[in-house]
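Here's the structure, in structure tokens; my notes come after.
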Amino acid sequence: MDNLIFYSAIVLSMLMAIPLYRAVVGPTVLDRFMGVNSIGTETTVLLIMIGFMYKRVDMFIDIALAYALLNFIAVLAASRYFHKRKGLTEEME
Amino acid sequence: MIIYIAGVLIIAGLFFFLVGSIGMIRLPDFYSRLHSAGIIDTMGLLLSMSGLALLILNEFNLGNFLSAIKIILIIVFIFLTSPTATHAIVDAGIRAGLKPWEKKQ
Amino acid sequence: MDIVSLIAAKANYWTYVILLMVGLYAMVAKNNLVKKIVGMVIFQTAVILFYVSIGYKKGGTLPIIMHGHDHGHGVDSFIKAADYINPLPHVLMLTAIVVGVATLGVALALAIKVYQEYGTLEEDEIRKQIELKG
Amino acid sequence: MSIETVLSIKPVLAVLVSLLAIPGIISSRSQNIREAWTFAAAGIKLLLVVSMLPIILDGKTINYTLVQVFPDVGISFRVDALGMLFALVASSLWIVTSLYSVGYMRSLDEHSQTRYFAFFAVAISATIGVAFSANLLTLYLFYEILSLATYPLVTHHQDKEARSSGRKYLLYILGGSVGLALPAMMITYHFTGTLDFAPHGVMAGHVNSGLALLLSMMFLFGFAKVGIMPMHSWLPAAMVAPTPVSALLHAVAVVKVGAFSVVRVMTGIIGTGVLADFNINGIICAIASITIVVASLIALSQDELKRRLAFSTIGQLSYIILGVALLSKSGMTGGILHIAMHAFGKITLFFCAGAIFCATGIKYISKMKGIGRRMPITMTAFLIGSLSVIGFPPCGGFISKWHLVLGTIESGRLIFLVVLLLSSFLNAAYFFPVFYNAFFCSADEVLFEDRVEEAPLWCVVPLVITASLSILLFFYPQPFLNLASLAVQTIMGI
Amino acid sequence: MKTRQRMITFCFTFSFLFLFWVVFSGKFDLFHISLGVISCLLVSWITSDLLIVTHDVAKFSRLFIGFTLYIPWLLWQIVLSTIHMFPIIFSPDIHNKINPKIIKIKSRIRDHVGIVTFANSITLTPGTITVVANMYGDMVVHAIDDECAEALPGDMGEKVAKLFAE
Amino acid sequence: MKILGTITILLCGGLLIFFTSDFPDFGDPKSPASIHLSPYFIEHTLEDTAVPNIVTSVLADYRSYDTMFETTVILTAGLACFLLLRIPTKEVTRRYYLHEPTGVTLRFDGDRYPKGSNVFKRIDSNWVPYDIIINFTCRLLIHFIQIFALYVVAHGHYSPGGGFQGGVVIGASIILFAISSNLRASIKRLGEKAAAIFTATGVFIYAGTGALCMVIGEHFLNYSFLAPLLGTDRIMARSHGIFIVEIGVAVAVMAVMIWIYYNLSSAGKQDEGL
Amino acid sequence: MTFFDGDSSLISNLPAIVVTLPLFASLIAGFLGWKNRKAPYPIAAVALFLTFISSVVLMIQVMSTGVAIEYRMAGWAAPVGIVYVIDHLSALVILLITSIAFVNFIANKSNIDTVFRNKAGAFNSLYLLFTAGLLGMTATGDAFNLYVLMEIASLSGYALIGLGSNRAPLSTLNYLFLGTIGATFYLLGVGYIYIATGSLNMADIASIMPKILDSSMILFAFIICMVGLLIKMAIFPLHGWLPNAYSESANVAAGLIAPLTTKVTIYIMIRICLTLFTPQYTFDYLNTSDLMVWLAIGTIIFGSLSALAQKDYKRMLTYIIIAEVGYMVGGFFLGNRIGVSGAILHIVNDAAMTLALFMAAGIFMWKTGEESQESLKGMFAKMPFTMAGFTVAALSVVGVPPTCGFFSKWYLISGGIAAGQYFFVAALIFSSLVNAILFFRIFEIAHFEPFKDHHHHSSNHSNKGEEASAHDTHEQTIKEAPLGMLIPFMAVSILLVVLGLYSGQIVNNIINFAIPSSIL
Amino acid sequence: MILPIDLIVLLLVIISAFAAITVKDLLSASLMLGAYSFLLCLLWTVMGAVDVAFTEATVGAGVSTVFCVAAIFHTTRRTKD
């Protein structure tokens, strides 16, 4: 079972490259929001998996929880920017 | 027995993560990509987290039980926040004037 | 030493150097003030990576005593230092993170002030304005 | 020969007394009270200095250390014969100069008189401090204070000319002291570990010939107040100052402090032994001689009276250096004595120049035709002063020059005898036109109207005093002569 | 009446939060329980006005039961729509497969909580995303293809409406 | 500048990477860092302080003095942002009001705004309509975030977390409130003044505990002298002392995060913002 | 001295009190600032005064016992916990910091009231926090604790500086970047030390040091720490942030920050080199002297020349500060006893001089509202007392006896000669001359040019004739600075002379004990 | 055991750091900074520094991103580099 968790964690961390790709490449800012949001979700799972690898899940759950909540705040704040400032591109060159 | 169910759930969760990620790359515009990002937030998270929760319960005691409940709570929270965040992002996109991709007739 | 174990042994330190340099580059060479601030954050976190890497111990578990919850202060004679990751760098880095966020706040406040004064965040444009004003 | 020392706070008091008068000077409401403070301070200072005279003449010295600032070096005072001589000159002439200042400043209605008197007091304090300093550090300290305190005096008029002259003044004086004298002092301290003036110098055994030469030159040019060429050109420039200041600069305080410092360093730090051993004194003598001759020649070509006097001063100062550098007994006596004799002579000349300016507003010699008929007292005093400077018998200047001439012969360097005689001739040459213009021009050439009269009493009295003192010193040079020979005894160890 | 309502809200918030505390804490000694009580009192005192779902206990319990029934159904819907997304994502000709469109739907839900529940359910099911929702039940939805668009408001709307029916 | 920067960075980086070869290997249990000082902490934390989380015990006891100043750093940042940004303008030239029954937006210039009216509601100049989804979800979440944060503060002894993390999470919850509704509503609940006073209070709790120890006993922050006050033995006194200062940290950090956010998001006007 | 013999709890806790007193006062000031605008100032003033008193007591205590006081924070002994170590050196610097903070605060009361108005509470708080940070940096014996306190001092410094003129935020932001780079490099250096020794306590590290002298990590730790500190003290190639930041800040802030920041950083450098890395490593093993002295020479030359090019009074002062940094760094790295004494003495003297100059700047600014040198026209006539004090300070910078600048320069030059670093000596003398030119340029302007009233420009415009004859009648129209500013300023300028005269005592009784005996 | 994950996350961290300073839009930069913080948090947990990870999660991901966005809200998104 340890091996399963271990390999799943590796796979999951590799999978995180894809949302990261979306976040890095864009093309719009909103794609980046989406990518960051997805990274957050996957990281939450990965955190708990690491907890299993250390055999002390109870220590990691709090972090995962905080993580999930605060990820939300960050993305919300960023999208609030567009709620109040019009224009995706007009401020940019 | 529980272990195997948990293992299957985790692998299924990973599979959905993969699916969502591929969708995020392949779909043509931001709005449709959000749909596939939704898979990550819902199915992927749900399955893998419940797998992990089951895995904890494999060795049953009070502490582990509470840990499992906390994992379920994480799911609940993410099910609350994820659609809100998605909604906020979409709203931002609409307000920012990002035109949805439309199929060329 | 074959290449794999070399990478395993040093990758963290290399990464810290890379991050440090990325941050430093942004602070030195970038033109935009907020970009510089972003670089500053990266720069500071690089050091945190360095410290945390120092603290890691192979085969060690988290620096929280196992089964320490139940007996209040019953002396556990079997606690072995090698079993636990070095906690001291973690403590130091908590402080460093806090310092980082404090600095970030002040830097952003200053950036807002600069923007209010010049209407731009680009350093060369600001410099041009200063020259124009004499 | 052991020198008996006496511990006394008197030298410190003598230095401080004029400083203590400054608050009084500044806070005074009326001119009279202000000047009363000045005179009181001057009087007390003279009394203090004179009260120490018997002890010094007994062959003792007075010591007092204020604070210890470095290991073995402190702000400390010592009164010996050489310092006493200088202090006596300075403090006695201060009274006269103050007297003269009052007349001069009031009659010309100068501005900022309070500032003038305050800085005058600081300057005189610093002068006494230099005279009484026991080590090079203390000397340097007061030297710098003097440089800075005279700056506002030199630039008293606050106009463009004063500004550029002030610049030049500071450039030379401060540049020399910070750039040359200070490092020389540090190097000395590093090699010898002490800065105290010892009778035979402290360098012997610590330095080689190259370093000794380097240090001597650094000191000689670093104490730029002595006006050795090429560090002389501040002096003519500083003539923009009011005349009492010029008198102070050129007769009493500034230039004499430079000369005194050089003498002190040559005897007390470098030491006659070292000078003689490495034949440095020859080089110094040569430099001094060149200065003497060149300065006299330049003086000939000056038309402005004060500038001519200034170049005269440059030449006369080098007599002192030359005399001491000859390292013969008489030469040294003459050099030291010249500090006093030249002071009395030159101050008379400056007073006269000031009085003329006061009464007529004229600065140029060529325009002074016939002035002797209108201002007989002043011009007579001028005659006496210039005779003293030239070294003509009935005046004090003769005595010092006589000793100098003896000294050249004693030391066997006859070339310097030639220099002395030549320069005396030149001296006469550049003073002669003044008398000629003043007294001997034909009646139709007189440029003055009848109503031109003597300068105010406050101006005339001091110059009469100094002129008569110049003559008196010829007949009664004992106090200075004794002090000078006492100093020479200490230095030469005879 | 007002104070009683407030008391109820307060008690409700408090007990709910305390439940959470116990789950989080997992420590049942006096020290930690009292800490929990203090914390929950603090939070419910500061923010009790934010969590007004209803003042009616009966309605609340009905809602609670309704929700417990609704959530498994929602999960099943999520699974279904995810499976619906599969062929779209893996199809080689993805641009022909999808037909994104923005549609307006109207539901008869008037309750705020109901609208939020419905909107979030729509977003949670892959294939549809709520763009705008207002308090009168009008919604703008982005759907990835026609099938998803046609399924709205559909069963889901019905169920939520029934749940929050007055 | 860019080229110069690149060269410098490459040189520095190369040098730093080159020197990593002398480091002990990653995770080497025999490195000096692992064998000199840290074993003491690991082996003595339970008998000294009865706190299983070694990070907490080191943070708030062995190196509590650092942590006090860490909190002070936060306070300094809050004060700095305030001092730099805050514009104490009483007169607002232009305000927008929503007439709630009709939904009409009105603009008032100068001083002529409807004071004390029930039907008019002040809105931001770049106002977005009330978003029911975001608003409701955030209102729901804030409680849980806060109770979670308090849990984190209270259980810093046993699990990761502690005053600082908990404080930030509480602060984040209020920031979430400010984002989801609007800044003025949030300021009405917890104003700038309260934030500042909370900050000072938080640091004061920490430093005051230290000073109390100094007054009672001998050393600054030596909690074991608090034992008679707390009614426990010296070891538990340390544990409780840690808890007290963690509360102080939490209060200070919470308030500062909010304070800085207020100032940043409204650019010092404390009126309308993100 | 029975007062100190008793095991009084207050006395034994002094090291903690000195640092925490400003901290507490800042909390209370910040707290009360919301209630009453006038309340924070007296509190802060009293707290600074008490801190000053306690630092004096601390100094006396150290001098009378002759051994370093070790104070254990939280009761844990050295390597485990954090300790404060008050030895002669740190007691001296603590005394310096408290006195300067106090004097500057007292002198700027009216400034604080007018410039900061509603934010006076926050300002006073930050002022106290800055002081506390510097005091802590000085007192601490723990390498990491130093970093935290450094950040407190820096952050509050940024805030204080950033509230200056319109351009201040930009320069402060640059300062912040550079300051952060410096502090982070220092932190990194501490990390390298930690990885090599496993300890954070300075004394503990020093005791491990001899075993690992040739470890490359220690070498790198040294380099990185030094680079960080050199950035923070604005040495020549890394100085860019300082002039703008200091010259554009408010006067009251500049009066605190300019004298202290660089000096305390230099103190930290000395502390790190002597206590942490041990002189054996710094001077004998690494032989850093030549490189650092050349760096110092560059700094001195550059600072002096740049100062020459400035038209603005405060900017000129900032470049002088840079040059002075070169003095101290160079003096320290001469590596002999005289040079190090000179460097330490110059820390004290230069802080006092800079304080006086910036206070003068504050007074001029208060009077004229301008900062260019041209605005000082006719100041000698207008405000003779201020200018007298200014003259003393200027002469001290130039290095004219008996002001204190001369004596520290004396030690530095002696040290340079003893170490054979003749270029350093030359640079010092060159810089003295340049300083002389700089200040006499100002004197000339203030002395020769007629006064122009900037405040009442319109009223004076009509009667130009009066203005021309202004200096004739100036004795009736003296307008000095307000007494609240003038008296502290005069006190500081008198102090400059007193410090000079007593520098021998300071060196013999304090600095001699501060330098380890291994330095000859 | 933990190493492979460590290496992968390190790689991701570097990528996001580069992205954060190269992206030509400040809002994106601050978001990338948030992502960078997330990944760092992951990295800390991988290395067993749970407290640091917790702090990084709360501060780096939550609060500092919000601060950045708030500051950008009041300045501008535009950047030339």
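Per-chain numbering from 1; labels A, B, C, D, E, F, G and H assigned in written order.
The definition used in the following text is that a contact is a pair of C-beta atoms (placed from the backbone, for glycine too) under 8 Å apart; a residue touches a chain by one contact, two chains touch by 3 or more.
Everything quoted here is computed from the prediction, not taken from an experiment.
Common neighbours of subunit A and subunit H under the contact definition above: C, F. Number of steps on the shortest path from subunit B to subunit G, with steps defined by chain touch: 2.
With steps allowed only between chains in touch, the distance from subunit E over to subunit G comes to 2. Here C-H and E-F are compared, and the pair linked by more C-beta contacts is C-H.
Ranked by separation of Cα centres from subunit E, the top chain is D. Of all chains, the one whose mean C-alpha position sits at the greatest distance from that of subunit A is D. When every chain is reduced to the mean of its C-alpha atoms, the one closest to the centre of the whole protein set is G.
Between subunit A and subunit E the centroid-to-centroid distance comes to 22 Å (mean Cα coordinates, whole Å). Subunit B and subunit D have Cα centroids lying 98 Å from one another.
Between the Cα centres of subunit A and subunit D there is a gap of 88 Å. We define each chain's centre as the mean of its Cα atoms; on that basis subunit B and subunit F are separated by 30 Å. Among the residues of subunit F, those touching two or more other chains are numbered 16, 23, 31, 33-35, 37-38, 41, 53, 55, 59, 63, 66, 70, 73, 76-77, 80, 84, 128, 131, 133-134, 137-138, 140-141, 144, 148, 152, 158-161, 164-165, 169, 172, 175, 179, 260, 264, 267, 274.
Residues of subunit E in contact with two or more other chains: 20, 24, 26-27, 119-120, 130, 133. Each of residues 144, 148, 151, 155, 158-159, 162, 169, 194-195, 200 in subunit G touches at least two other chains. The list of touching chain pairs reads A-B, A-C, A-F, A-H, B-E, B-F, C-F, C-G, C-H, D-G, E-F, F-G, F-H. Here subunit C touches subunit H in the complex through residues 7-8, 11-12, 15, 18-19, 22-23, 25-26, 30-32, 34-35, 37-39, 41-42, 45, 48-49, 52-53, 55-57, 60-64, 85, 89-91, 93-94, 97-98, 100-101, 104-105, 108-109, 111-112, 115, 120-122, going by the rule given at the top. Against subunit E, in their complex, subunit F makes its touches with residues 129-130, 132-133, 136-137, 139-140, 142-144, 146-148, 150-151, 154-155, 158, 177, 189.
Here subunit C touches subunit G in the complex through residues 20, 24, 27, 33, 36, 40, 43-44, 47, 50-51, 54, 88-89, 92, 95-96, 99, 102-103, 106-107, 109-111, 113-114, 117-118, 126, 130, going by the rule given at the top. Interface residues of subunit D, counted against subunit G in their complex, comprise 66-71, 74-75, 111-112, 114, 137, 140-141, 144-145, 148, 152, 155, 158-159, 162-163, 166-167, 170, 174-175, 178-179, 182-183, 186-187, 189-190. By the touch criterion given at the top, residues 16, 19, 22-24, 31-38, 40-41, 61-66, 69-70, 72-73, 75-77, 79-80, 82-84, 86, 88, 193, 196-197, 199-201, 203-204, 207, 210-211, 214-215, 218-224 of subunit F touch subunit G in their complex.
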